[in-house]
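What follows is a group of structures, each given as structure tokens.
Common to both upcoming complexes is chain A, partnered first by chain B, then by chain C.
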Partner chain A sequence: MKKVILDSTQPFIATGQIGEAWAVVVLEEIAKGNLEGYVDILYLQEVLDRYYYIKEGFEGRKIFNSFKNIATDVFLVTPEDFDLSYKLYKNNKEVSPRDLIHAAVAINNNIAEIFSTDGPGFDNIKEVKRVKLPNLLEELNLKNNYIYERKNISRS
Partner chain B sequence: MKEKTFIDSNIIFYCSGDIGYRWAVKVTQEVAKNGDNIYADVFLFQEILDRFYYLNDPDRAEYMYNATRGLLTNVVEVTVDDFDRSFELHQKYPHLQPRLLLHIGVMTNNNSEKIISTYSADVEEIEEVKRINLMENIKI
Partner chain C sequence: MKEKIFLDPNLFEFLSKKGRGFQSVLDIIKDKKNFITDVKGLQEIVYRYTLIGETEKGYENAMKVRNEIEIASVTKKDLDTQGSLLQRYPNAKPRELLHVAVMINNGVKKIVCSPESNYKEIEDITVENIIAESFDI
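This part shows the complex of A and B:
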């Protein structure tokens, strides 16, 4: 089965006022066991931070609990992950530290692919591969479904 | 400081770079001397890297990461249980930042009640921990 690590763009697009159907579909596939979708513990903090700063702290906690339960597993972030992210940083100084730590956790847990809609960051890290949304939907035989096909939405 | 004591990242920022307060440098020297009792959670590194990345200062990011990585010998991982504990605290203190509540969640799950922080007002509101008053506890 395909294994990916998710960054926090996924919950933000799947929930709240955005609520894009394609993002919900990806989560449903994880919940059904058709896709192994892992998160790291920093991802959970990013969810809480975001909802706190838009003054919806309790909503953030609900979403946090949903993601904690849907994810195949939650990886801890260790000092060794930071050491690896620091090594990655040496060759990727334009990439944000958060993208680098997600990548480091993926590598240290033998996950080769990251599913993210945040292209510019992960595409620069050659040690991991970003899975683009159209490719993921195609692999899951879902490409022709849902609102993703709307002509006015451009996603990479 | 003989009790298990946690430190947050604001001390690190006060002693570095353009701010460079002497008292904060003294605190970090004390941390270096009494390191066996000083703890931090792993997200402290993330905060350091984030800060200097957004200041567009990669050299300082490298310097501060290496300095704190060497300085702090007791770095604990953050667990889902820590988040669950922070959720309990969130219900009691819904206006406080998630990161601060996570700090406290990590501390209480690691049986520590003392924290070194300059983030005084919010930390002192949390009755589950006690903020160390630097002026009373460290000779500066």
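This part shows the complex of A and C:
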């Protein structure tokens, strides 16, 4: 089964636009067991922090708990992950530290692909591959429906 | 063995506002040799420097802390403890409660931190002022 690590844009995508709704479908595939989707602990902290700062802490805690339960597993973050993120930084100075630590966790847990709708930070890290939404939907045999829905929306 | 004290890196930012450089704070920490922080704390040091366009310096300073004191991983158990703390302290900053969770799970009861933080409200730990006292702040 395909394995991906999720970046922290995923909880912020369910706002009604069709591409974002299809990213939610990816989460449903993880919940159904059709895809292995991992998160790391700092990813979950970003969810809590962002909702806290927009004064939506209760909502943030609900999403935090949902993602803890939906994810195939939650990776701990170690000092060695930090060391690797610093090494990655030396070759990728344009990439945000946030993306670098997620990439380091992925590498140290032998996950080669990161599902992210928020490019292009991960595209610059040669040690991991960013999986974009259309490609992932294609691999999950959902792309035809996705294209159909997008056309319908663009006509309306 | 000396009792461990958790270092919240927000102390560096607070003291820098008071004109104290990163290294002067680090020197005190090195002397005392009983500090611990967690890997999110390292990430927060980097992030604060990134906000002012100095990511490289952020990594360098974070690595100085990494090399001088014990760094705890952030684990699933910490996440669960943070969840329980969030129930008890729904208005507290999640980042502070994660550090408290790491403290609890590593048997650490004291913290040094910026006076602007809200750790005093958390019953499980006590705030130490030893570094601020060293600078007479």
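We take it that the second predicted complex is superposed on the first by the 141 of 156 C-alpha atoms of A that agree within 3 Å, B and C clash if a C-alpha of one lies under 4 Å from a C-alpha of the other, contacts with A are read in each partner's own complex, and residues count from 1 in each chain.
FYI, contacts are C-beta pairs under 8 Å (C-beta built on N, C-alpha and C of every residue); 3 or more make two chains touch, one makes a residue touch a chain.
Since the model is a prediction, treat every value here as computed from it, not as a measurement.
With the C-alpha superposition on chain A as described, chain C and chain B clash in the combined arrangement.
Of the two partner chains, neither chain B nor chain C is touched by A:L142. Once chain A of one complex is fitted onto chain A of the other, the partner contacts of A:S96 extend to both chain B and chain C.
When the shared chain is aligned, no partner comes close enough to touch A:V24: not chain B, not chain C.
With both structures placed on the common chain, the touch criterion links A:D49 to chain B and to chain C. Common to the chain B and chain C interfaces on chain A are residues 41-42, 44-45, 48-49, 52, 57-58, 60-61, 64, 68, 74, 76-79, 82-83, 86, 89, 93, 96-98, 101.
Put simply, chain B touches chain A in their complex at residues 42-43, 45-46, 49-50, 53, 58, 61-62, 65, 69, 75, 77-80, 83, 87, 90, 94, 97-99, 102. By the touch criterion given at the top, residues 41-42, 44-45, 48-49, 52, 57-58, 60-61, 64-65, 68, 74, 76-79, 81-83, 86, 89, 93, 96-98, 101 of chain A touch chain C in their complex. By the touch criterion given at the top, residues 39-40, 42-43, 46-47, 50, 55-56, 58-59, 62-63, 66, 71, 73-76, 78-79, 83, 86, 90-91, 93-95, 98 of chain C touch chain A in their complex. Every residue of chain A that touches chain B in the complex is listed here, in rising order: 41-42, 44-45, 48-49, 52, 57-58, 60-61, 64, 68, 74, 76-79, 82-83, 85-86, 89, 93, 96-98, 100-101.
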